[in-house]
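Read through the structures below before going on.
Both complexes below contain chain A, partnered by chain B and then by chain C.
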Partner chain A sequence: MAAFSVSSVTPWLFFFPFEKTTKMPDPKNNTPDEDDQATIGFWGEAWQRFRKRRLAMLALGFVVFMCSIAMFAPMIVGTKPIVCKYKGSIYFPCLGYYNRSWENPIFRKDRFRNKYPKNLDKKDPESWAIFPLVYQDPYRRVRDGEWQDRPGNPSGTNGVPSRLNWFGTNQQGYDVFAQMVHGTQIALSVGFVSMGIAGVVGLTIGALAGYLGGWVDVLLSRFIELVMCIPSLVLILALVAMLDNVTNFHLMAIVGCTSWTGIARLARAEFMKLKQMEFITAARALGASRWRIMFRHVLRNALAPVLVPITFGIAAAILIESGLSYLGFGASPPNPSWGTLLKSGRATIQQTWWLIVFPGTAIFLTVLAYNLIGEGLQEATDPRLRQDKH
Partner chain B sequence: MAYFSWLKNVVQLDFGRSISQNNAPVAELIRERVPATMLLSVSSLVLTYLLSIPLGLWSTVKSGTHAERTVSTLLYMLYSLPSFVAALFLQILLAVKLQWLPLYGMTSDNYETLSFMGKSWDIFLHAAMPIVCFTYGSLAYYSRFIRANMQEVVRQDYIRTARAKGVSPGVVVWRHAFRNTLIPLVTLIGLTLPSLLSGAVILEQIFTWPGMGRLYFEAIGRRDYDTVMGLTLMFSVLTLLGQLLADLLYAVVDPRVTYH
Partner chain C sequence: MQVPSSKRLRFVLLAPLVLSMVVGCSSKTENKPPPKESTTPKGESASADQQAPPKGPVVLGNMLDPFTPPPLKELLANHKWVDRPVVDSMQRMREHQAKLPPPKLSAKEALALRNDSPEKNEKILDTLGRLAPKDGKGVDFDAEITLLASGDLKSTNPLLFSSVVEADYGGLAGFGLFGFDRTFDKFASADTVVSWQTSEDRLVDKVVIRDDLTWSDGTPITAHDIAFTFRAIMTEQVIVPAVRQGTDKIRWIEAYDDQTVVFFHKESLATNDGNMNFSILPKHIYEKSIPKDPTLARSAEHTKYEDAPVVGGPYVLTKRARGQEFVLERREEYYMHEGKQVRDKPYFKTVRYKVIEDRNTALLALKSGDLDSLILIAEQWNGQTGGDDFYRHNTKASGLEWTSFHFCWNLRTPYFSDKRVRQAMSYAVDYDELLNTILYGVYQPNRGTFHPTSRMFPKNGPKPYQQDLDRAEELLDEAGWEDSDGDGIRDKMIDGRRMPFEFTLMVVNYEDRIKVATLMKECLDSIGIVCHVKPTEFTVLTERQRNHKFQAAFAGWGSGADPDTTSNIFATDAGRNYGGYSNPRVDELFDQARHEFDEEKRYALYGEIHKQMWKDQPYTWLFYRNSFYGFNKRLRGYNFSPRGPFHYGPGFSSFYMPVAAP
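Take a look at the complex of A and B:
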């Protein structure tokens, strides 16, 4: 029974199962005259099948588009210059939108008070600046004459969509378009990070339960069922209510820690199925340790089916975040989330339709896109369909 | 330690008292709200089954035609439309722009003065939008589910046999194929039961509907922990009951399954 020694585990293997496996040369690849079809691999084949689905590709394109909006949000809409030259140095004040401390302190020292266009001219006539495409701010109201002769944002229920405020303004006079562009960051990061957490937790628990079996399986399965039987929204609301100052990271952690059960059950089933296969017996006969087999050989093959619930989970996480923000349990203000916009729209629903229609459509399209991608993945990685083809 | 004393009381069916609501017993508070939530969840459940079964069967029979594809795509989009977004859109369209239906609440201001028929009609008007919002999501999900299962069943040999012996297509679909898709359908009932109650939190908040979801929301807002714990416990117990129900129904629908 020398086949198993825990000490031989390399810890990074656990975290980078892909890295190692992709570097491994496929023995077939060494012969150059090999037929291309044979070396394309599982993921390559899945991608080819995914590409044939027009709606799924459209959805993938939409998600990539949203990701780029999220990444470049301060350069699309904001009141801080992307690049400016001030007193002989080049600065990037728009980075302040990502992180307050990334904005150079010189602007606070010189009392800019976030009003760049006039102050730059006044304090240094030599200065120049490149501003974002749209001069609006998600965190404050743009005032009269801030940008040349431009009138300030209307407030109350007068902020109907106009040439200056494309999607209107909210009751405080904040621009809706600016809030939605910056809110993309929240929606997408909540989806990715919380499902990342859920994926790691779910895969680990599912792998342990499925591969080890016995009392570990019994214990972990009961634990999974315990978490499952509390409706997630109820649990999340209860957890959020206990926090005093909620941030988006709290939300991500909470959503991640409550939505891993489906992934864990699927991973458990996959591990149980795969550990009976011949190649695992072969690996064991070669003397591979238990952990090496679990995370190197089994996990690789169990990843494809687990990816599908993760994609659907991203859609659900975005829904939960906007739902929580709508109820007022989201991140503390200022928080330009789509759900927060819906909430302010609901308060004056008789007048402010633009506070509901635009963010509502954004939530709908994002959720739809992730669902379409999930379905595309499901069909592309389904081994039953693969066998049909050959 | 406080948790164990709470647990001890719960075993004795004492859920504590809500301090913020004049020390009213939590069990009483919950009981008051049950009918309003049941009105929405039961009618939407019935409506879902009444609509999704014919829809699922229709799309199996008409599989591949232009109309079926359009309906399927529409249903898929509906399935992705979050219910609270749909609720807000409906409110804007039906209550604000067209003014056909009341915006929120369960009854009108003059409810007490109405006759019995008037009262029912009033509640119906108020309940229409919430019920639609509760129904459309599961309708889309169920009919897709039925269709997927039916397509698997229709490929089976015994369907071909039934067709070969001259059974009419309608009877084949209804008696031979649909019966065998009942098994997965039954488990869904058990699983949707708790979501009908807890998923109501946001919708009841939007429509200011005096149900359990709204009670939960109010209790969290007031930090009324006894009520929160009582409701969370109840939602969890309902989930368990739903799964038990699904398991029992399994045995009823599928004669191969027996519990000893």
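Take a look at the complex of A and C:
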């Protein structure tokens, strides 16, 4: 197993000139090489190698599964119908979970008060509705008789996992399963968005510094060092103290804006190496512009090593968000994050094991999955770590 | 015997760390720093938000108007004097218990009970709350008790007290003249006072103190110390976080001889008794040092006394490990004078306060026997103290407490200036869910600022609000908050701009508090109002409230010993009127009540105030929090007052451990 450490990615630098995708510098030269038919290119090759790693594939499958849960969370668990017909029109109230204003205001006007099942019947006997798979809510306790004759959620330390509450309930009586499913959105989006920001910023700054060199490099390198010195946790705490309504996007932005330095340094080193390569000289000789060379020819080749720290970064960002929510510095409550669940389990750890086990497992598995993917990616793209023969 | 020492242990903004653990008292003052703040390094001024003292020569008492007290003879002749009570609070409690039938259960039986019903609670208190016999037979006088300090002891100087931890310390080490019992009946303490007389016009109080009192360095305590302390408090350059409120109503304090001290009041007020109650400094220590260092904390000399204070109370500080613990030892010279016992011997040899800020850690410490007493929150009372692990070393008991929690609406914001909106807020709360689910059904629904069992509560007082979302929506519609743009959020045109009803509800970052705020968010969401819950540090919350820079806040008040303390919260522009409530009628009633000496009439006036405020709903009153305590099985003699088991007379002084404790 390769180490997870980012520093182990440096040896990549040698193999780029050999890979095929770099062989198409000029769009005018459209006639493909004979070889192109036969070879599948660097990414294809990497994918093939990645596929051979069972753990990494399993992890990838898990992440895809989580992504689909995150995307369709309100359709899996919720108290708002996925689709309903009310007073002659079709509505999709569950969209309200994504954005408050997407839930049609007619339901507020008609005083539904977020309780659909009985109100739909009462206010329009003709109505019909398709409800999510599980009738539970991540933001409130389901009360007695809300859904036919079902009893309300138990509260306190009585919320043992049951038929109605698969993963139990927390002390307030909020369903843990509902919170975990909706929390997936937070966990995954925190990872993707923050690392998306970090990737874009890091690559741009690294590319500029590495490719342009000279005083730009000196300046940007100092800037990178400066940002490295900013502790993101302190910045987050300061922001949380300042803002009245902290959302996960604030956390994502801060994590993204402080964690790009590693990526930038890697990208800079890559660009510095690659710009010396013959194919770049060739591209330059063909008259390609500086930006074209940077982003079309160099960047593609620099991307692989940078993807690995991004993958690990996603795992780190998920941990940061859970950690912050656990400490109570996350998004404003009620925030159905996995870390929040852990926090509520902490006070009653001797009674409510389900508040620790389920979110704990989810965090563990997700972070593990990203690390496995990162590792798989690393080994699939790094010739020195290849286990298959050439 | 307990000498409530910090000036007036009164209203308190229920701080998460401080007040929910030790039921609250701190003094009320307009510029009071919050009871809980971060620890201040030694040698710096006591509080970060204090302003630098005014420049200029330090002349003791320079805030006082010149006053020449008449000679004692003249004074005695010119007034008609009324004798006031001088009471040994322990004796009073003992007499009260003597009238009760003997306890139904033995201590062993009571300790075997599991406190899961009000009847059992009563039985436990009836047996274990009995005081030790007067002669102290059976009391383990070598016992040590370990209590919780919910934060660090920031200062040992009574003038710098601001939080409950300091008030607790002051209760043991401080020296004062007055106290009150569990019905808030005020008296002079027989431990320190020989006689107390008030002039018939209530403008002058004459107190004769005992001659067998000594400071812990052996110097006698005299009337001059009292007059000196008053002048020190009323010195502009001396930074006094809390105690100046109230003393500023006193015109002058004169020591006529070593034992006789006379208080001259500015006005004839029903609150004058309380104003005289402040903790006393030793004159011989501070007389020369205060002009040199009015901060009381910077000079080398003051730093020395900060850690080795000279005290007049039953206990003296012997160890102070910042952030960890502080230890007090019984002073032998407190109860012995010239070889004779002159006062009750304090029951504990050592009182240890451990600083534990986390509630769960504190509970674990209680369970393992490392703490002898701990205030419990509803969740702990209900869910975490029912098992063998708790009952192995402990038992628990609860009592009614006049501590009330509310949402404070800032009337200076466009949202809550309208009475109808505030009423709508009160109708919106799901009280059933609040009391029974979130608070485990162990607290009482709130019926306004004065507790229904208090004398201030009006006859046929208001009934608690019930959730009525239709009524809430009607009131909001009436007040002009309607969803005019169809985005699902109510809005209103204010100054030509459409303003959505979207506000921030601040709450101290305690899990149980956040739950209450989150419930409110859920309730408001269903009627088209967006409420952001903002958990924050207590210090920040208080600061924002004091500057009126908030929209709504979830907070609580403990009870003061005198109902007039409420005026500091609801009178126009009063120091703690964070929400900016103003009603001339209420102001007028407060003033009338302050000048009313007939108790019945006075309480009726407070009843009026209560009713008027219930109509105006400056707060949405939510619930009264009871006292819940875990006690080690060795402890005896605890009883509950509306301010909890500690903060009244005798309070802590009646706690003891029997010699042969199980």
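Keep in mind that, in the parts below, the second predicted complex is superposed on the first by the 328 of 390 C-alpha atoms of A that agree within 3 Å, B and C clash if a C-alpha of one lies under 4 Å from a C-alpha of the other, contacts with A are read in each partner's own complex, and residues count from 1 in each chain.
Following the convention adopted for this analysis, a residue touches a chain if its C-beta (ideal position, glycine included) is under 8 Å from a C-beta of that chain, and two chains touch if they have at least 3 such contacts.
A quick note: this is a predicted structure, and the numbers were derived from the prediction, not measured.
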*A:100 contacts which: chain B (first), chain C (second), both, neither?*
second
_Quick one: is A:346 in contact with chain B, with chain C, with both, or with neither? Answer first, second, both or neither._
both
*Considering only the touch criterion stated at the top, classify A:333 as touching first (chain B), second (chain C), both, or neither.*
second
*Of the two partner chains, chain B (first) and chain C (second), which one does A:230 touch, if any: first, second, both, or neither?*
first
*Pick one for A:141: touches chain B only (first), chain C only (second), both, or neither.*
second
*Is A:119 in contact with chain B, with chain C, with both, or with neither (first, second, both, neither)?*
neither
_A:241 in the overlay: touching chain B, chain C, both, or neither? Say first, second, both or neither._
both
*Where on chain A do chain B and chain C both make contact?*
241, 346, 350
*Quick one: in the complex, what on chain B touches chain A?*
76-77, 79-82, 84-85, 88-89, 91-92, 96, 103, 194-195, 197-199, 201-202, 205-206, 216-217, 220, 223, 228, 231-232, 235-236, 239-240, 243
*asked:* For the complex, give me every residue of chain C touching chain A.
replied: 359-360, 379, 382-384, 433, 437-438, 440, 469-470, 473, 483, 486-489, 504, 509, 511, 514-515, 517-519, 521-522, 525-528, 530, 532-536, 540
*Residues of chain A touching chain B in their complex?*
228-231, 233-235, 237-238, 241, 315, 319, 322-323, 326-327, 329, 342, 345-346, 349-350, 353, 356-357, 360, 363-364, 367-368, 371
_Which residues of chain A touch chain C once you look at their complex with the stated criterion?_
100-101, 103, 105, 108-109, 111, 113-115, 139-141, 143, 155-157, 171-173, 241, 244-245, 328, 332-334, 343-344, 346-348, 350-351
